[in-house]
Amino acid sequence: MILRIVLAGLLCLGVTVALGWAVLERPMPVENLPERVASAMPESGVEHPITAVLLNFRSYDTLLEIAVLLVAVVVALALREAQPDQPEQMGLDNPLLRAVMAWLLPLILVVAGFLLWAGSYQPGGAFQAGSVLAAAGVLLRLAGVTTNWLDNALLMRAGLALGLLTFLGIGLLVMLPGVPFLTYPAAHAGTLILVIELTLTLSIGLTLLSLFRLTPPYADDPDDARPQEDRNL
Amino acid sequence: MIGLWSVPLLFALPLALGILSLLVVPAWRPRLIFVGLPLLAAASLDVLAGLATAGPQVYRLGDWIAPLGINLVVDGLAVGMILMTTLVATLCALYARVYLRDHPPASSFFWPLLWFLWAGMNGIWLAEDIFNLYVGLEVMGLAAVGMVALRATPQALAAAMRYLLAALLGSLAYLLGVALLYAAYGTLSMAGLHEAATNNATTQVALALIILGLLLKTALFPLHAWLPPAHGGALTPVSALLSALVIKASFYILLRLWLVLGPEVTPELTAQLLGVLGAGAVFYGGWMAWRQHHLKQLVAYSTVAQIGYLFLFFPLVTNTSPEAARLAWDGTLMMLVAHALAKAALFLSAGNLILAVGSPQISHLVGISRFRPMSLFSFGLAGVSLMGLPPSGGFTAKWLLLHSAILSGQWWWLIVLFLGGLLSAAYIFKVFRMSFREGPQIDRSVTPPLTLDVVALVLAASAILIGLFAHLPLHWLRMGSVLGMG
Amino acid sequence: MDWNGLILFGVLATSLVASGVIFLLAESRVMLRSVFNLAAAVLKLVLVGWIILGVYRNVDYELRFTIIEGVDFILRADALGIMFVGLSSLLWLFTTIYAIGYLEKAPNRSRFFGFFSLCVASTVGIALAGNLFTFLLFYELLTLSTYPLVVHRGTRESLRAGQVYLYYTLGGGALLLFGVVALHVLVGDTEFVPGGSLSGLDPSLYPLLIGIFLMMVIGLGVKAALFPLHAWLPMAMVAPAPVSALLHAVAVVKAGAFGIARLVYDVYGVEFAQSLGLLAPLAVAASITIIYGSLRALAQDDLKKRLAFSTVSQVSYIVLGISLFGPVGSIGGLMHLLHQGLMKITLFFCAGNYAETLGVHKISELDGAGARMPATSVAFTLGAFGMIGIPPMAGFISKWYLGIGALEAQMNWVLGVLILSSLLNAAYFLPILYRIWFRKRDRLWCEGKVLGRFETQGSLLIPTLATAAFALAAGVLAGMPFSPLYWADLIVSREYLQ
Amino acid sequence: MSGSLVFAWSGVLLFGLGLFGFIAHRHLLRRLLAFNIMGSGSFLVLVGLAQEGRGVDPVPHALVITGIVVAVASTALALVVFRRWYRASGRTDLPEDT
């Protein structure tokens, strides 16, 4: 055990030193990518360069990234079906908590909307907004608010799929004039990106929320035999 | 533009099918293959036709030029891998449709995962951007982990967890390497790196990180520990997909980067070291395979061994004559393709044998040759290719590698190739010995559905035929590669 | 692709297709399987006959396609190759008939006949191979397709024999592969041409060439059962009689001997090999094997084991003939390829007949068998006389030519080897004949089978008598056109005139 | 050391620390945390190194956002598998590691 820690320590020290060396010795790039981004900004349909990179110049990365999120959900769904959970009773049924939630929820929704909207000219965007949405869902759950509409499997899945399907659909539709995949016509780029971002926000929010919901809620124990009081501690 | 539609469809179609299969009722999930497989086959063939008529292409996603946007490279290597994936995955899908019928409903999540896996792989084959490769690796890797976990037994979950940890660590090492390369050269495009990369500390550290990360994902000895439980314990079609295709993706990236960075940057010492690790894999994997008692574990360790051959590529192309390098390129790719076909066939026929005797133990195969000759025949054909005996893809590959080793004067790799072949004969014939033995009669051998046997046989036969008709595939694979033209 | 190429493909395909179809047929379809198998064998024989006539008239038969850059798959019928094809096709027909009778009611027949046909296909491929690559391809295929036949009975003993067989043949195959690749690097695609293709190489490479030759001879010598690489052969006698007859007496060991012939004549060229000093050591190795095999045969009581050691000894006559520099010795060696095949298969058939009919496996139990099974015993006697080399049997002609060839090559000591081995042959065959014909039956035979009209089943007896007749004719009619002697003479004249 | 490199240096340190945790710990949750620390380290290196010289480079920022999403998905998947494993076996580490 100690040997392993020592070895691990040495290894990590070595890696860190090598990395430091690499950082110190690095050459300055000849290629000036920021400049290219800046000069292509007018055609991108958005004003903020990060959003332009994410959803236009390198939108293919974003497309695959959404697929990664979906894969995680698929695995979670599969495992829950293979290892069924008991009906969940998560959350504290506390009136005070509910009252706070009633204040917080609208605020969260507004923040999410703002983040999404802000993405076009300052830091922000679909993922940030989606995460905030998911946080709202998590809070609801922790407050013990029953969310039956989330248990509707088909609706839920449609919501999950919406973002990626829209993204794919738009990417393919714009090809009709004979241009490559994901080539937004400059005139409509802003609109198309907005539509994609909107649907992505919703889907990302739902994805993160379902990942939260799909882990076994409390019955973590192999024998599930411990008394209720223990669990609440 | 050639391949305007077919190139993006190669990943867009599986992505769309992956989502659709989530939305339909479980019973309909397998049926989507009747839409998906023909379309994907058509797209792959169209890409091949484009390559054959117009040569290698660059596909600009979003119509942005490389360092700004993401480009896809449609050269012989990429198209070869795409066709290999289409063939193997199609057959595995047909197999799975029948195989999964008797499995619990949770296994119908195999289908969305298959499509995402496919999309990830096609994305990797086409990628020209090193960060895009990272995302592609994650799509493929997480889908693969999910497939391993699909059984949800404690063993499957542990195997999946171990696999996931290895994959994540590998990804991060790769990502850090990419970060360093970007910091040094300001580009993520392989073409750009090819132009800009010079030999300095940053490049070497980045290369080392990338190599380590990819080795972990490829499960090269001694970083292979996650592979046998994951591949040996999964559902049979999953094992076949993972062993045949998934581990090839990380090797493929390494191979591309090695050639992109070029001989000035790639150190000969590292190349030899990779070769030595490959040799270690061949010996250790072969030895461990021979010692296994479970049929699928044996096949999984055989994968550990066969990966080793692929890594002989690096010493054979680094600072050697153009002829030796070309032969090594041909041989390695032949090995890769032949292994994909043969290993898929081996896993599927092993699965059939296990279905037939109802036990994963090799010792329970006594006398099975009388009842399941066809499964055993597929197993044998695939084994011929793995042993590198003629006539087979494995043999042609070995022939080319031997040639390259002699031409480059690195005779020590000959020993690896010879002993490796004999070791694989030892573990393949271990199974045969058992199946030919006339022991206590088994009278209750189950007859698996004919489809399962036919699929395994088709794969095994293609592993043999590819060796006899290697000329044209190798010609295509060379198109647009640094080595092929030289 | 021209018609001549297609015919070659047809010769190969008859047994390949037969093999495929037989694998797919259900175990119970005995009749269909037999008919199909025999039809394929007859068809192949017809095609081979056609090609033999063509080769005689100097028609070119060639089929080639490119496998990878610089490596072609070539099938070509030349005089040497077609001789071996003729032998295996003829014997395939007889052995198939024999095996159908021999394995009646035995399990796993579908597997047996499938691999059996595959073996013949590989043998034909070896014979028709036009370059080393193609040769190697079929050579390894032969290894693989014989393994299931060796372990066919599935007993511990046969599995053990199969394992030893694999050790030897796969190891040998690896050495051969190395040699082939090395030659390929040196001179490119190594096609078989009379006179060889290596003599133009730089003299500094000669030591390397000698090394490669050594390695390849070891690789081929495993199958040819050259001493000390012969141990697998007697062990493999656990296989069913038809397997021992066709494969271990003919196909596998001949593939090795044939390979050595190809190597010496058509890769290195006999004159170049002589100038490298490779032939004399080969002759010594062959001679040691001849004597050693005969000595070991003397000590065996198991009939098939004695025949096996006799094979070890007799196959080396072929190698000896190849290594005698000069046309006459070569004629002797090549001719013995046919002679030994015909005689040995007869002997194995007879051994199988005794075992099946009387349940006798040991020589000491054969007393009085001649009276009980006269036809089989006559065939056995003819085969044994041939092996000893009693005039005018085929074996005598082989040994005569070998002897003259030895004198011609100025290796007089070979004569001594020939005489000694003939004495030893007589010493291990004559006692068997004595027991069969002159001893009285002293025990009960366990005659299990229903025998039909003849002394044993017709399907066992007819092939035995047929091959015996061929063996006899090969000797008595040696002067006629298309006799083994005639054909060997043709091969050698084409070889040495180049 | 120029000021703009402070992020890159923290990234390097974080990566090293995370790697140590990843190797040294056996508890899967700790290893996942370590993985996330490593991830943050690489993201810092990615963003930090590109700051120098020519101002803000938007590309690494976008890459990091993509990277974060991928890391979130991986972590979530790992947690799902981990908790199922814990429920099935009662263990918090992997079997052969004890």
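Points worth noting:
By written order: A, B, C and D. Residues from 1 in each chain.
We adopt the following convention: a residue touches a chain if its C-beta (ideal position, glycine included) is under 8 Å from a C-beta of that chain, and two chains touch if they have at least 3 such contacts.
What you see is a predicted model, and the numbers here were worked out from it, not measured in a lab.
Once CA atoms are averaged chain by chain and compared with the all-protein CA average, the nearest chain turns out to be B. Separation between the centroids of chain A and chain B, computed from CA atoms only, is 30 Å.
Chain C and chain D have centres, each the mean of its CA atoms, that are 68 Å apart.
Rounded to whole angstrom units, the spacing between the C-alpha centres of chain A and chain C is 72. Between the CA-based centres of chain B and chain C the separation comes to 42 Å, rounded to the whole angstrom. For chain B, the set of residues that touch two or more other chains comprises 131, 135, 138, 142, 145-146, 149, 152, 176, 180, 183.
Annotation for chain C: no residues touch two or more other chains. Shared contact sites, meaning residues of chain A that touch two or more other chains, fall at 19, 23, 26, 32-33, 37, 58, 61, 65, 68, 71-72, 75, 79, 83. Here, these are the chain pairs in contact: A-B, A-D, B-C, B-D.
Across the interface of their complex, chain B is touched by residues 8, 15, 22, 28, 31, 35, 38-39, 41-42, 45-46, 49-50, 59-60, 63, 66-67, 70, 73-74, 77-78, 81-82, 84-85, 88-89, 94-95 of chain D. Residues 4-5, 8-9, 11-13, 15-16, 19-20, 23, 26, 28, 32-35, 37, 49-50, 52-54, 58, 61-62, 65-66, 68-69, 71-72, 75-76, 79, 83, 125, 127, 204, 208, 211, 214-216, 219-223 of chain A are the ones that touch chain D when the two sit in their complex. Residues of chain D touching chain A in their complex: 5, 8-9, 12-13, 15-17, 19-20, 23-24, 45, 49, 53-59, 61-63, 65-66, 68-70, 72-74, 76-77, 79-81, 83-84, 86-90. Contact residues of chain B toward chain A in the complex are 1, 4-5, 7-8, 12, 15-16, 18-19, 22-23, 59-64, 67-70, 104-106, 109, 112-113, 116, 119-120, 123, 131-132, 135-136, 138-139, 142-143, 145-146, 149-152, 176, 180, 183-187, 192, 196, 198, 200-202, 204-206, 208. Chain C meets chain B in the complex at residues 23, 66-69, 71, 73, 107-108, 110-111, 133, 136-138, 140-141, 143-144, 147-148, 151-156, 159, 162-163, 166, 170-171, 173-174, 177-178, 181-182, 184-185.
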